[in-house]
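Note that the chains take the letters A, B, C and D in the order they are written out, and that residue 1 is the start of every chain.
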Amino acid sequence: MTMAVSTKEEALYLPRLAELIKVEQLTEREKLFEFAFKDGGELGHQPGQFVEVSLFGIGEAPISISSSPTKKGSFELAVRRIGNVTTALHQLVKGAAVGIRGPFGRGFPIEPLKGKDLLFVCGGIGLFPLRSLINYVLDNRNSFNKIIILFGARNPKERVFVDDLARWAAREDVQFMETVDVGDETWAGHVGVITTLFPDFEIDPGKTMAFIVGPPVMYRFAIAEAKKKQLPDEQIIISLERKMKCGVGKCGHCQINGAYACQDGPVFTYAEVKNLREAL
Amino acid sequence: MHSQVIAKQELAAFVENLLRQGEVVGVRRKDGKYVFDKIGSPGELCLDYDVTVLSPKEYFLPQREAFLKFELAEAIKAEPITQAQRRIILGVHPYDIKAIQLMDAVFSKDNPDPNYFRKREAATIIGVDCLNPSPHAFCASVGTATAESGFDLLLTDIGAEYVVAIGSAKGEELLQKHAKTRDASDGDLSKGKTARDEAARKYQLSAPVSLDQIPRLLEENYDHPLWEELAQKCLSCGSCTMVCPTCVCFDVQEDVALTLTTGERYRQWDSCLLEDFAKVATGENFRQHRSTRLRHRYFRKGKYMMERFGIQGCVGCGRCITACLAEIASPVDTYSRLKGGS
Amino acid sequence: MKPKVAFFDFTGCEGCQLEAINFEQELLDIISAVDIVNFREAMTERSDDYDIAFIDGAISTERDIARIKEIRGRAKILVPIGACACIGGINCLKNFYSMDEALKIVYGDDAKYYDTIPARPIDAVVPVEHYVRGCPMTQSEFLKVVKALLQGKRPDIPNYPVCVECKMAGNVCVFEKGETCLGPVTRAGCGALCVSNGRICWGCRGLVDNPNADSEKEILKKHGLSVEQVLSRFRMFDGYSEVAK
Amino acid sequence: MKEIHVNIHHVTRVEGHGNIVLNAKNGTIEELRWEVVESPRLFEAMLRGRKYDDVIIIAPRICGICSIAHSTCSIQACESAFGLVPSEQTLLLRKILYDAETLQSHVLHYYFLAAPDLLGVGSVFPLVETHKDVVLMALRLKKLANDLADIIGGRKTHPIQPMVGRFAKLPKADDLRAIQKRLKDAMNDHMATVELFKTLSIPQFERETEFIALKDPTEYAFISGDISSTDTGTTPVANYLEITNEFCVPHSTAKYSKHNRDSYAVGALARFNNNHGQLSTTAKKAAAELGLKPVCHNPYMNNVAQLVEAIHVTEHASDIIDQVLARGLKEEDNTVKVKAGRGIGAVEAPRGILFHDYTFDEQGILTSANCVIPTNQNHNSIQKDFEALVPQILDRPEDEIKLSLEMLVRAYDPCISCSAHLLDIKFV
């Protein structure tokens, strides 16, 4: 058995050090972190990919990348405070160092989208990975045709990236719709789950690509709505959350039937997922 | 490559020489069973064993292995730990050799795993044909009773001597340097074949369907009530996967010194049968029910590994059958029941 | 600011407090990482100002109940250590006898002076944050919890059975040796110490979150234990749990 | 004249919960009590109905600090009931394990529990700053004892490997050799401890009393022999009830004992007073250097006796390891044949003589148990010491009186959690 292991491979589990250069509170539970690699390099990701974030001594957690690849010199991770690593991350201040491995996984397709109509269905923090793609698309607006963005939050307090939402809403070349499951006195907009927005727009199923990312419970319903609009399975794209420990297809935790979310995903077409009984 | 023959008393001398080279892991007795363990003299070695409690996978994927160390004092420093000890593993049965080949595939696909391959490269594998199969083994029916590759040397007991098949240049060199052998004659080789053929007839269990039919058998029975029935008894104890030579899932954890200034990241064996295996930080458990975890194990062995790596995920060693107190881990029984019911 | 740590003992053998002093080099590190402000077994000073309280022993008197509530009121983090505090431990063996009758036999008319109630774990009386299990408590787990508390993280305590660690240790299964054990439903974290040392698992670390106790009981019966013996197994350390009833 | 109220609730740095109550007015003692307040655990109830192999696991949980003593005693009681004579190898390993506990317990006691008094601090923790060398030495000795217990018993507290008739797992010869070297090296630490003890001033107080310990003609007894009294000579273990004569007192959940006088004492000092001639040469020399001479009636000298014993057991363990290595370790298949009957185990726990008395039915199930704990036997002696000591020191400041009483309790190294657990229950 001989198999030379290159320097790059030697570092499979070695994180690159990155410095926290900006923190922004998104909601009570969510923050946006901007990092720059200490070695000055780029992350070089595709929208939809994720990184493993190390807080040395605490652990590592998979986090999807929220910034567009068009953003240079740094990258952004939006994080909900939920486990050990994310809780520790939320305590960090500007200047702190973390470790980054990745980018990992299969991101959203880019080339096949050129000239297409795009539908984004973002449920809550499902916007975290989709924001990367949306901003990429908007940064290259001319390459794409019609763009529809749906965003749904549980309540007005849980709306994330409100500045982006406002910017998208203000754009002439984007059809933006928003809803909350439960409103409050500050909310004058649409109330209802995200699927209640579907009757309010039309798509051309022949040339539309739909991106659906949200909490596990959302997929079944949102996909059903997309199917009602005659979208073929290959044109419905989702991103799935799983436990990812190694990020490189070894540890086995993220398996969805025979597929590895960290290698074959986290982005899947509905056509692929239909054969994965554990996916939805 | 050509084969050699070594007399049994010469094998002891060979092992003595190997012990002088460095660490030798062999099969020894423990509590009436057999285990792989470091040996100190040829006398401790058992080469006519049926099966070991654990496979030799721990020598490539240790139960717990630190792979990153870090300092947190002022500036954070982190560096990988990938060193490996040179080691000869002696007495590996063909089914375990096949399992190592599968591990090679898992750890090389897409992203070669440095920790695995450092150990793999530092190891010399001397196999031995299994002539006294365990009553729970079904290797002959899944093509793992013999091995043509995956070893540096492979011994076959032909009475007063062993036929030594040479599987690599490394094996050949080892033999030339440290053992007194002679060239194997056709007669020797045929004795070896006879021994293997006789052994093949000793298997008490056999898989009820051929290897290539297993993925379909499973796929057609994804929703079979058997999974729930077996889950009623399943302890979710992970024993079947711990003893499995092809189960390679691991968890990753962190340990720090009390001073919180240094620490290491390590991986340790994990099992898809355990309740928290697919549970994420939000509390969502993607395989919450025992039946789904139990089913996943069978699918991973019977279908997913073949599809992903082109190598069967079950080598028929029968360790899971022995380890499962609830008596539900047997691929032979489960496939039979699925077949009967489909 | 170093966290202030207190140790309190209830009904038990105090072996867990002993294990807390039974560190060697680590003891010095612990002392430098935390301020121990209350530790009756080891020190004279006593303070009511503490952040973390480690509790050794089970609750077995009415006085205990009042005292643990008072400690709970003061501590930010309460951690039972050892089987008695975490699951009731062997103290609960007495729960299967009539308390009054037993006391009367011993003390006669003075029985009323002796305050004793069925033994129970700490979390049967007050909420707790973490557990350090085992009889005696597993030292490595104690360190793990201390470090996690210093780091402000949730300690990673196994929720899988002893079988996992026992298999990793390369042990021959006790059932194969003609004996029986509670390893398949008992929470790991001890490294399968007892089986590795030639004995069986008695279940001193308590059950995993969702044990398949029915299956375990069937297995024990299949290996020759009577229904009574099966229950008696569970009662040894875990008499307070539903499984033992 | 002044009033003195000493009410020490839960004496610290002892095992278990005990209170000291002293009320004096105008030089007259109105109240003076040693109270044991541990919650009763009803151990005999726990043991009843359990098979012998469970009994030897449950019984050591009486006490975490001397669990090896309880384990050994419990196993001996079973063996005595079944008429089972363990092999030479088993006995030798038991002796080493026992030495480990005696060393561990003594080092813990004189360094961690008693020494802070003598050095004027509240615990061992501040000594890390002021006496770092001493603390490191204490930790080293403790680790040695703990590692020795790990090797033979599988665990330092609540040992795993000792079984009726055998050890579940045998130690590795290499491990024995390695630890033997450390035992030999430890003599340096012991000698340094002797030098340290010479600088401490042990309180001067004497009360003539009876000392009871095991006595064996072949060696300084820990796990074998007859019961020996400095007053009345030897009695067979079978007749232990004639010695212990337990009785209840209203203010205590533990039982009290008396024999020839109104109280008797057990423990390191009692063993020294009975068996000093059998100590190792180095231990004898240390005793002489520290002014410990038989029969010593100063209870505060118990700590000195512990140090002398620590030296003895360190050498003893090393000698036994030689014997074990010379014999070679062999797996033993010792199937236990149970039979109905009564068996008594007697050992010297670090704190003194300990008895387990079991009766089994023909299935090896325990039908009744009685355990007599060393500290129970000492409670009365502590009380009588109080009564003798307080009049001598009543003119001193209250804090000083308080400290003297606490130190006296600590000198006995009482294991209260143990003692209160053993309420002997007669089942009807």
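Operating definition for what follows: a contact is a pair of C-beta atoms (placed from the backbone, for glycine too) under 8 Å apart; a residue touches a chain by one contact, two chains touch by 3 or more.
For clarity, every value in this text was computed on a predicted model and none was experimentally measured.
Participant: Which chains does chain C share as contact partners with chain D?
Facilitator: Touches both chain C and chain D: nothing.
Participant: Going by C-alpha centres, which chain is most central here?
Facilitator: Of all chains shown, the one whose C-alpha centroid lies nearest the global centroid is C.
Participant: Across the interfaces A-C and B-C, which one involves more C-beta pairs in contact?
Facilitator: Pair with more contacting C-beta pairs, A-C versus B-C: B-C.
Participant: Using the average of all C-alpha atoms in each chain as its centre, how far is it in Å between chain B and chain D?
Facilitator: The answer is 51 Å.
Participant: Give, as an integer number of Å, the spacing between the C-alpha centres of chain C and chain A.
Facilitator: 44
Participant: If you average the Cα atoms of chain A and of chain D to get two centres, how far apart are those centres in Å?
Facilitator: So the centroids are 65 Å from each other.
Participant: Can you give the whole-Å distance between the Cα centres of chain B and chain C?
Facilitator: 37
Participant: Residues of chain A that contact two or more other chains, please.
Facilitator: Answer for chain A, listing residues that touch two or more other chains: 57-59, 83-84.
Participant: Which parts of chain C, given as residue numbers and ranges, touch two or more other chains?
Facilitator: 151 - these are the residues of chain C that touch more than one other chain.
Participant: Go through the chains and record each pair that touches.
Facilitator: A-B, A-C, B-C, C-D
Participant: Can you name the residues of chain B that touch chain C in the complex?
Facilitator: Its residues touching chain C are 30-33, 35, 37, 53-54, 58, 63-64, 232-239, 242-243, 253, 256-260, 268-269, 271, 274-276, 290, 322-323, 325-326.
Participant: Considering only the defined contacts, which chain C positions touch chain B in the complex?
Facilitator: For chain C paired with chain B, touching residues are 26, 29-30, 32-33, 143, 146-147, 150-151, 156, 159-161, 163-164, 167-168, 170-173, 175-177, 183-185, 208-212, 215-216, 218-219.
Participant: What residues of chain A sit close enough to touch chain B in their complex?
Facilitator: Result: residues 1-3, 5, 9-15, 17, 54, 56-61, 82-84, 86, 97, 99, 216, 241-243, 245-246, 248-253, 255-258, 263, 277-278 of chain A touch chain B.
Participant: Write out the stretch or stretches of chain D touching chain C in their complex.
Facilitator: 10, 12-17, 38-42, 45-46, 49-50, 54, 57-58, 61-65, 67, 108, 112-113, 116, 122-125, 128, 135, 139-140, 142-143, 146, 154-158, 160-161, 163, 167-169, 248, 250, 253, 417-418, 421, 423-428
Participant: Considering the complex alone, what residue numbers of chain B touch chain A?
Facilitator: Result: residues 67-68, 70, 72, 75-76, 78-80, 82, 104, 106-115, 117-118, 120-121, 123, 168, 222, 248-254, 256, 260, 263, 265, 267, 270, 272, 277-282, 284, 286-287, 292, 296, 299-300, 303-304, 307-308 of chain B touch chain A.
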